[in-house]
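Two complexes come next, and they have one chain in common, chain A, joined by chain B in the first and chain C in the second.
Here is the complex of A and B:
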């Protein structure tokens, strides 16, 4: 397992080097710091979302759920639109980025906990109903957002449109520090949960029998998940590619690959593996799309395509197994 | 029941004629300019909303029979996205293509998309009915991502938005007549209603009763593809109508399609027309697209249908 992690790390380092150096012409004093900021954002977001998804899948005891599948991404745009709607375009633009980030993080975390509680209540333990309700709730939130966007004036609408897509190409340096302040401690806390997550993956009853009350761990893990996803989304925007697909599948692919690379592993291995995989997908994907193939399409669209196919395969395989 | 629905639809229709950014009341009709407005804009728009609503609801019902599942509809399950793919490919290959060609490509693509969906969900076990809509939604999303990819590479995102968000503000005389074709597909569905009802009993039972299953299935898929393509080409995608209307109607009339289909068509027409009228009034003189209004209402209704506790057992 350690060897696989090392190889994964080496590939990631290679991809990062490629991202930094391929086509870097001109003044390196400008190019390298400029690219380094974007690279740092990709690493933070990839690792944060992947670890959040692994934790989410462990506490819900299945491999096809992800936080953004539950409509979490859609919330972000709704919060933004509501802010622009409430403050007006100029009021919104006057907000300092740091305050905006804090507002986003707080609103998303609170709403996320509310959303998951609501979904758990509605689903009554039926997994497929849970996923379906989540996706349709996401569609409803998205329709509500579109509706709100129609109610604001055109300049404010343009502002909302600009911020409601994931943007790895322009990262605010001051936000990078703030996001790191939220994501890195959350990752560290998730690391401290690794043995308890191993216990709960034995099943709720077994965990309770071993002295690990599942409800408490679930609350702690959910809080971390909300912070991780909220901070990642507030940094780069939602990874879902827009109105066409149901939602973003990034976390799903990252977790599925992590499980495939280190099968049957404990969380002490699984979580670093997922973090590396998630970072690799974003850095490698962005290098490939931006530097090698020179494609105009955002990476998120490709992730949605690949992720959707992965999801269908996982779902249908689970049936036949 | 159909009488009450018909009366409600007629009332809405008349109201819709006199609702819009330019003030128009029945007494103005002596004025030729006012009559012109009515005939060129208001009447086509109201008719388009009703025709599209009826066609979407009926094709939703057909797909639900073919998929043997209450929770699917063509627009979000691949047919709508495939239709957009067809239009996109034709627009790129033949930039000046006539509407008929686009329409044909959209219909063919929608047919392929529907066929793919049916093949994909056929092996799913009947014991888990909610798997079907889950697979269908993701399948539609995958096709949609493919469409977005092509559109983005070729700088067609703005055009794509036109087909993916159903809107009625562009409907004028001469631009919606294709929708009458979709009324024909509704009529055809009504003609084979009894056979569809048999099919909904399950394949073994239907075969035992002498039904030509491949033929009826093919006819249903062609109707779905045609109606979806027509709506996407003329108005843009309008989700959820085919999902919630048949589910609501089935609770009132039962599963006999000979009785249910007229009610489905009427209710679909009412839903889309009412949604469009709400979209016209909420922020007059601006408009909210009918697809957004329908999504809001439809998604909320769907969540309710999905999560309401069963009446018995």
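Here is the complex of A and C:
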């Protein structure tokens, strides 16, 4: 298994080298740090979202669920729209990026925890009810966002539209450190949960019987998921193809590919594999889009397309199982 | 070994258990039987702390279930829940290895590996050790789950309807393994069963439940009577004796 992880790491290193070097001309003193900042953002976001999705799928015992599918990404756009609505376009634009990042991170983490706690209460362990309630809550959040967007002026609306997409081409370097301060410790804490996540994958009763009460672990995992997704989204924006478009399938693809690459259900293998896969999808995809296809189409559109196909395949596999 | 005192339990306001008093001695197989909705599985889940105890007291090997640390409870009591669905793709030996989790918490040592090997050997799973759970039969899967509980190395083992969906040969094989664990290892086994004839054939004691209460308890030869079958199960049935054990003929 170590060999597969090493190969994955080597391919990621190649993709990263490609991203840094392909088409690099002119002043290398400017080009390399500029690209390095964007590369760091891609690595942080890819690894953070992929690990968050793997944890989410383990605690919900469902391989097609992602935090995005449960309406979590939609919270980001709601927070942004509420800020633009409250402060006005100029007031919003005047906010220091670090403050905006902190506001987004805090609001999304808090709202995310509330959302998941509400979901858990409403669904009471019933998975079908959990999914349906999550989707309905996601729709509610999106409808609330649309309502707010109708009430702001056109220029502010245009601003909200602009910042409602993932932006890998314009990463604010000052935010990278802040995002790393949130994502890296959260990844380290997620790593400490690896054995407990293995146990909960046996089922709630079996986990309790092995001395691992699921409720405590679920709370810890959900808190980390909220921080990881919130920090990644606050750094580059939501990986959805639009505020009202389909939810992002990025986490789903990363987790599905990680499961396909490793036959091991152990999180000690699965989580690093997902982190490498997630980072590879973003770095490789962005290299292709930015350097080869000259930004002909945004990466998020391709992710949605591949993700949609993956989602259907997973659904069909479940039906035939 | 297991003492249950004045246990009451409600679900959505409906009483499920009504003042259960029960002592299960150390060693041997005790079968919980009764009609659907009698409260058998609920009682088992309270003993294993899968659900909180609302009223009353349960102790297992001297540990009060409502207060003992999760890890300590898992070292005296193993449970094989009803219809256990494993969401991830696991090999047989990985599943059995999970039985050691309460002891090593994710860092298995030589003693843990030796115990897993012993469980695979004991339950005749060596040839299947590298097979995934979805590649083996229902009977083999149940055997692997019991091997996992065996690897947990606890004096008490609880099983909730482990014979569901098993054919007669697999059911018989599993019950023989449990009987063997009780006799050779001195385990205290509490098992929920639907088939009264399986219970009378393999259990040392029967606990008969009806509408959240204990209707009768004791050795099968004393407990199973035509009057009890009529009163608890609402059915007329004859009883034959085979090697001293009652056999219900419907």
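Note that in this section the second predicted complex is superposed on the first by the 299 of 321 C-alpha atoms of A that agree within 3 Å, B and C clash if a C-alpha of one lies under 4 Å from a C-alpha of the other, contacts with A are read in each partner's own complex, and residues count from 1 in each chain.
Throughout what follows, a residue touches a chain if its C-beta (ideal position, glycine included) is under 8 Å from a C-beta of that chain, and two chains touch if they have at least 3 such contacts.
Keep in mind that what you see is a predicted model, and the values were worked out from it rather than measured.
K.L.:
Looking at the overlay, does A:209 come into contact with chain B only (first), chain C only (second), both, or neither?
P.N.:
second
K.L.:
Of chain B and chain C, which one contacts the greater number of residues in chain A?
P.N.:
B
K.L.:
Taking the superposition as given, does A:188 touch the first partner, chain B, the second, chain C, both, or neither?
P.N.:
After superposing on A, A:188 lies clear of both chain B and chain C.
K.L.:
With the two complexes superposed on chain A, say which partner A:298 touches: chain B (first), chain C (second), both, or neither.
P.N.:
A:298 sits against chain B, while chain C stays out of touch.
K.L.:
Is A:147 in contact with chain B, with chain C, with both, or with neither (first, second, both, neither)?
P.N.:
first
K.L.:
Once the shared chain is lined up, is A:265 touching chain B (first), chain C (second), both, or neither of them?
P.N.:
So A:265 only meets chain C here.
K.L.:
Now for A:2: first (chain B), second (chain C), both, or neither, which partner does it touch?
P.N.:
The answer is neither, since A:2 touches no partner chain.
K.L.:
Under the contact definition given at the top, report the residues of chain A touching chain B in one complex and chain C in the other.
P.N.:
In the superposed arrangement, which is not itself an observed complex, chain A uses no residue for both chain B and chain C.
K.L.:
Per the contact definition, I'd like the list of chain A residues that touch chain C in the complex.
P.N.:
Checking each residue of chain A against chain C gives 58, 61-63, 194-196, 198-199, 201-203, 205-206, 208-213, 263, 265-266.
K.L.:
For a test of understanding, state which residues of chain A touch chain B in their complex under the given definition.
P.N.:
Interface residues on chain A, with respect to chain B: 122, 126, 128-129, 131-133, 135-137, 139-140, 142-144, 146-147, 150-151, 241-247, 295-298, 301-302, 304-305, 308-309, 311-312, 315-316, 319.
K.L.:
Given the complex with chain A, which residues does chain C contribute to the contact?
P.N.:
For this pair, the touching residues of chain C are 45, 48-50, 69-75, 77-81, 84-90, 94-95, 98-99, 101-102, 105-107, 152.
K.L.:
Please give the residue numbers of chain B that touch chain A in the complex, ascending.
P.N.:
Residue positions touching the partner: 71, 81, 120, 123-125, 128, 130-131, 133-135, 137-142, 144-149, 152-153, 155, 164-165, 239, 282-283, 286-289, 292-293, 295-296, 299-300, 302-303, 306-307.
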